[in-house]
Amino acid sequence: MTDKKSYLKDLKDGSVKISLMVNKKLYKDGNKMLYLLSDKSGYINAKIPVKVKLEPGQVIEIEGVKDYVLDVFQVKIIEDYNIDDYLATVNRNIDEIMEDIEAISRECITSPQGKMLDDYFFKDEKFLEKFKRGIGGVSMHHNYIGGLAEHTFGVMYLTKILCDIYDCRRREIAVLSAKLHDIGKIYEMDYSGPFKYTLEGELEGHIVIGVQMIDRGIMDLNIPFSEEFVTRIKGCITQHHGKLEYGSPKKANMEESIILNFADTVDATLNKINQVKEETKEGTWSVYDKKMETKLYL
Amino acid sequence: MTDKKSYLKDLKDGSVKISLMVNKKLYKDGNKMLYLLSDKSGYINAKIPVKVKLEPGQVIEIEGVKDYVLDVFQVKIIEDYNIDDYLATVNRNIDEIMEDIEAISRECITSPQGKMLDDYFFKDEKFLEKFKRGIGGVSMHHNYIGGLAEHTFGVMYLTKILCDIYDCRRREIAVLSAKLHDIGKIYEMDYSGPFKYTLEGELEGHIVIGVQMIDRGIMDLNIPFSEEFVTRIKGCITQHHGKLEYGSPKKANMEESIILNFADTVDATLNKINQVKEETKEGTWSVYDKKMETKLYL
Amino acid sequence: MTDKKSYLKDLKDGSVKISLMVNKKLYKDGNKMLYLLSDKSGYINAKIPVKVKLEPGQVIEIEGVKDYVLDVFQVKIIEDYNIDDYLATVNRNIDEIMEDIEAISRECITSPQGKMLDDYFFKDEKFLEKFKRGIGGVSMHHNYIGGLAEHTFGVMYLTKILCDIYDCRRREIAVLSAKLHDIGKIYEMDYSGPFKYTLEGELEGHIVIGVQMIDRGIMDLNIPFSEEFVTRIKGCITQHHGKLEYGSPKKANMEESIILNFADTVDATLNKINQVKEETKEGTWSVYDKKMETKLYL
Amino acid sequence: MTDKKSYLKDLKDGSVKISLMVNKKLYKDGNKMLYLLSDKSGYINAKIPVKVKLEPGQVIEIEGVKDYVLDVFQVKIIEDYNIDDYLATVNRNIDEIMEDIEAISRECITSPQGKMLDDYFFKDEKFLEKFKRGIGGVSMHHNYIGGLAEHTFGVMYLTKILCDIYDCRRREIAVLSAKLHDIGKIYEMDYSGPFKYTLEGELEGHIVIGVQMIDRGIMDLNIPFSEEFVTRIKGCITQHHGKLEYGSPKKANMEESIILNFADTVDATLNKINQVKEETKEGTWSVYDKKMETKLYL
Amino acid sequence: MTDKKSYLKDLKDGSVKISLMVNKKLYKDGNKMLYLLSDKSGYINAKIPVKVKLEPGQVIEIEGVKDYVLDVFQVKIIEDYNIDDYLATVNRNIDEIMEDIEAISRECITSPQGKMLDDYFFKDEKFLEKFKRGIGGVSMHHNYIGGLAEHTFGVMYLTKILCDIYDCRRREIAVLSAKLHDIGKIYEMDYSGPFKYTLEGELEGHIVIGVQMIDRGIMDLNIPFSEEFVTRIKGCITQHHGKLEYGSPKKANMEESIILNFADTVDATLNKINQVKEETKEGTWSVYDKKMETKLYL
Amino acid sequence: MTDKKSYLKDLKDGSVKISLMVNKKLYKDGNKMLYLLSDKSGYINAKIPVKVKLEPGQVIEIEGVKDYVLDVFQVKIIEDYNIDDYLATVNRNIDEIMEDIEAISRECITSPQGKMLDDYFFKDEKFLEKFKRGIGGVSMHHNYIGGLAEHTFGVMYLTKILCDIYDCRRREIAVLSAKLHDIGKIYEMDYSGPFKYTLEGELEGHIVIGVQMIDRGIMDLNIPFSEEFVTRIKGCITQHHGKLEYGSPKKANMEESIILNFADTVDATLNKINQVKEETKEGTWSVYDKKMETKLYL
């Protein structure tokens, strides 16, 4: 197994030699092909001669010159590597994130049925393993290993704050829904290699998958949950995209789901802006962002 | 138990005496209140003096004058009645409809796993009982007892035809999905009295409910379904509204779900038009229809 | 001067006698006219015989029966009253709200130019008097005396929190903009009597008015503000509605204005929901809300 | 005249030599230019060195390597050819399609005036010649010689079925309108060489052209058509795109035009999907389709 | 034949006695029904006891009190009247308007084929008679006898001016198209009594009708028009609503049709505003206008 | 200082040698980069070898071959030049345009306060200097030095005409607003070199900037303007984009602002079309225009 010697985040401009994973073929530019490459510490665009044929998932050692993009003149394919060195990964320690999640849970999820449903997932080692590696998206926000946990924490935190400020009638429902709102993403996307959607993800999406996961939990637990509790939790997951045109099968029509939708939107957008900030010097304009439909003055 | 003596569909214009159920309070019009009333044979609008206070679900014997609406001057509340006489009900014999459904099933649903999933629902007496009484909607199309079965047959029939004409790669998937596409409606609406949405229906909707029902079926059956089969069926249910803005959590992206969406739209619209035709003389304009956003020249 | 003896919020259902102000003529309902009435403690709809002719701004003593609406049979016009008893007014003590606003200001607005611009408004007694009585809207959210201050605090608080969580590059800009974002409303609306828009409000709106107020402040102060500071603050006010279709002359394209827009939307919506909650029993559906385009299950 | 020796549909991957017609210059890709080429049996994209200058309509003999696209290294322009060998053409025998069209006509178009109007077009040799070569579109669906007839049959067939299932009040009007709905396309597009829009097509479109053709027919025939018959037929042609935003000058407001619009949409979409299926292996995703705004899992 | 003694435009507030025609039943308001009444000089809303049953087209003599609306207490039906006294009619003398139209025509329509097509319509006495009585709409703009001519002149005048200022390449095409753009309205609406749409109007609309009229003219004239001339004129008529969502079968894509669309929109809107101005005192707000989606400060 | 020897508008196809300014890097095309170049007489696209690195604002002498684009093989950077020779500039003499503007002003702006406000700007030499060099946009319409004045005249002229034809109640308000409607553009864009937006322009936009300029004028003049006059003028500036989705902070709700919006739209569109006409031979199609979302048949 070849040890990875350097990481993208430490790379200086100028001549570089580094091993990276191919994530995506972007487009041809003259006699170079543009690729999105990654390692644990982040992403970079690289121009590689078209005659070198590469596929997503391959790990390569390259030599080239780095400034805004990486201009590559030498490519060698590496067969023997540790995949975890090459998948973009959250900055914070994942266990700290999980501990933050649990701290909010201890404060807000206190009813027996609430705890039971929470534990069904978050005390299940198999689930936890998937969740802790989970990603927030293939390319939108939180698109790195651990991003799902980081996003979940962000949404729970905002949800709790908004419930407290605005006296939400059922904070436990809101916070538990926040914790569970994106669990469907662990089956919606495949993050064992370069991130991509699964078939299930393309056909059903994480909302429909997530509600089924909760439904199975309810049935497996086989205890007398209150019907209202179950319906509200499922309603929040169902409605967390807020409006039909954003893929919500029902328009948000509960206090809890409206708060959850705000928390989700805010955390996703501001995480995205933080990613853009990393590539944009203070007091200048970012490049145009397709998803936000604007460039940003930062 | 008072026997119901006459039905709406047999009523002539002029002085009438008939027992009907209150479905909905519509709006005040001078010193009369407009109500939507029904019996087994259909619906009628009635103007009733405001001083008579009525609630949905009550059955009343009225005297009045009928032309376009029913102008009521005498109201007596009836306590002892057979609810089935007062809920709008499909014209065709429900068992004939079910037999039509099964005929298509026998032709198109032929694989072992397809039949297993079909039978899980349609050989389950409890499910069947609910399904046969099921309604297509509270007020849109097929809004009568048995309407769900009638609509399901219509959608299956069109789906089969379209699959045959256009060589659909997986007719069984398409037809089985058509059969199951609206089963979530048996929990989305309450049709034991005047039709209304359930809490589950308002918060989750029949798409999300339906996918969960199928998921439970798959788990209960506990046989080695092919993963692709399960994902395609769930994908079709998930996508049968076609576009996000119509409440589809994912845009239709399969041949089968696109065909199903067409069949569903066509059957719903043409059933609605047939209802409008009943109230509209040939060669004249119907009243404006809010859902279709037009009046119709029929 | 007649003392006001009882307030809406203390009124029980049944026979009542109370003095209230006419806010708005709503619509005719049979031989009654529906009016929106108010006193300091809130709003109520009242049905008053059509033959009684009333205009917005009149104060009346009525006798009638209260349940969901007030059914009035006796009306007497009152000439001598204290207007402040009849305008809907915020629940919290306004000086406490202002102190909360200043606490955040002390923490976040710390640069000399930031404090100078803040003080230009918030140490000006004439401005303060108008601001403290200001309303958030004629009928949307925070539609009561003091509502502008309450909303401003809510937006500042959320803005500060979001800046802290997501490491906003310029928290002072964001928080100061939050403090100033709706100052244009003190000229957009007239709240000396029943709330209504001013001519300026209808033609320019509070965004354009607000930017002019800041521009005048900058000129009056006549100190060397950094050009970037001024442009950013004005940019935040300009963009706080986020998108063109919501009346923003420019799409939000700054980290600070995006945060401000979220804080504004969340505070306005959740205030509105809290108003709806007051009229809706737990575990039931609210009436349909036109602005939110849904009823809410609360 | 050079005989064409091989056809696209029979071409294997690897080294090829074949004569094809240039349809469209697509875009430059490095030092190659991408062209859309065709022969009678279909279309293919080809990369041709930029220094070779080609124009739509030219027939060329090429040598190159075929896989997903055709990579061309040798090009020879051919002067002497039979244009019919190079225009994409429907698979089925055109006379069989016409016979299918006439079979439905015999069954459904039975009134004297219906038959008169039908015969005005479909017994006119000049019209028939154009119609049988007509195309469904330049690039959308049925974009091949004979595609207009194939599409017309598909729409007539679905229209007839829908009329029968849903008891359309005027099946003859619906089916005759289906037969005539796209006749304007014979003047909207030019299909004597590489397919393109005519000036008339760009300025008026096939709906407006089609109604004029019918109007001329009515006048030429000079017999006492019922006014209602004429207005309904013209109304169906006018409204067959269903909604204003799809180019319908009037929203569909007749049972017949609504059925026609469904039949048209379904046949166009499912024809398009069948074209995509030809290029997509079972159980895989198609390329993204701009018109349908999705990729398809087939 | 009863002579009409007074006209709406001369009516003072207070007690009145006048004969008017019923145009439209609006809605019930308590025990009165609101009707739209008219005479030659304009429109008025009137409240008439519900027990009096009236139908559009009836002429009645009423006694009542006029202020904003007419409060009627006495109604007598008149059998013997001159319909022209009761249909709302343009203020200006119709022959003067026609003369203005011809003056622009003489200046701008000068080519032999242009004059031929113009004369085909405007030297045809039967056409002229219909055109001079034609209306601009049932309720939108220019909704009075002669309104079609007045609007046509307005559009021609603006078209000519815009062509001159911006050097339109083909002024004659633009101005002739302006003259013909709404001729379809003479068959789209019925203005022999209370204004209403014809069946043809509802199913085809004035654009499609208008193009057919021109097509017939071209054929009747049977002279060698240039093909480009004919296509451009028809293109302008086809495209004069500018965008698909406004009922234009093709988006405007010619200099001439874009100018025509501007002229049409401006004349229609400013005519409408002038109607609103007549009912709105200077320096006050008009009532909300549904079509313009705003009230106006005038 | 090198004298500029030839101008774009005089350039023939074939071998050329000319000095031009770099305006914008467009995109790479093989081993050439496409640039937008300009001189006083207009714009041209040029393909320049990628190895030559150029930045907006540089002036270069090039040798190459011109047809549709300029194919460059030799580039020399020029240091010593007169910037005015290289910025695209209006065709007409700017002083003639200003005289036309003043002629309308003399006719229409006649009240003391109207003249005072007009003179505040248009008798201020510093303002005038900026205004006369001002541009209508970076790339839309009137994108050349002097374009702001040309556009302002066009809008004033149309506004005056429309006021006269349709009897606008306050022609002076409308015409003065037309004169001032885009003055914010002198700070929204930077036209000292290659045209670009300023920070202020991106964050506030010319509407908000323009209202502030007027507000400052009102304050500086310090005379008793009527409040209504000021509010109407500011209202017109605020509303001149007509609808929220076009960046108008308030929907146009005044006769004057609706006329101004029409005049602005018409002048901008027809100027744009005139630019397209220059590049499009009579009787042919223009290239597709992104802003107008169509190609034009000219």
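Some observations on this one:
Which chain is which? They are A, B, C, D, E and F, in the order written, and residues in each are numbered from 1.
Quick note on the criterion: a contact is a pair of C-beta atoms (placed from the backbone, for glycine too) under 8 Å apart; a residue touches a chain by one contact, two chains touch by 3 or more.
If you're wondering where the values come from, they're calculated on a predicted model, not measured in any experiment.
Among the other chains, F has the CA centre that is most remote from the centre of chain B. Interface chain A/chain C: over half of the residue numbers present appear on both copies, so the contact uses mostly the same residues. Chain B and chain F have Cα centroids lying 59 Å from one another. We define each chain's centre as the mean of its Cα atoms; on that basis chain B and chain C are separated by 45 Å. Between chain C and chain F, the centres computed from C-alpha atoms are 40 Å apart.
Looking at chain D, one finds that residues 30, 199, 202-203, 228, 235, 253-254, 297 touch two or more other chains. The list of touching chain pairs reads A-B, A-C, A-D, A-F, B-C, B-D, B-E, C-E, C-F, D-E, D-F, E-F. Per the touch definition, chain E reaches chain B in the complex via residues 28, 30-31, 50, 199, 202-203. Every residue of chain B that touches chain A in the complex is listed here, in rising order: 199-200, 202-205, 207-208, 211-212, 215-216, 219, 228, 231-232, 234-235, 238-239, 244-250, 253-254. Those residues of chain D whose C-beta lies close enough to touch chain B in the complex are 154, 157-158, 161-162, 165-167, 169, 228, 235, 251-255, 258-259, 262, 265-266, 269-271, 273-274, 277, 282-283, 293-298.
Contact residues of chain D toward chain A in the complex are 29-30, 285, 297.
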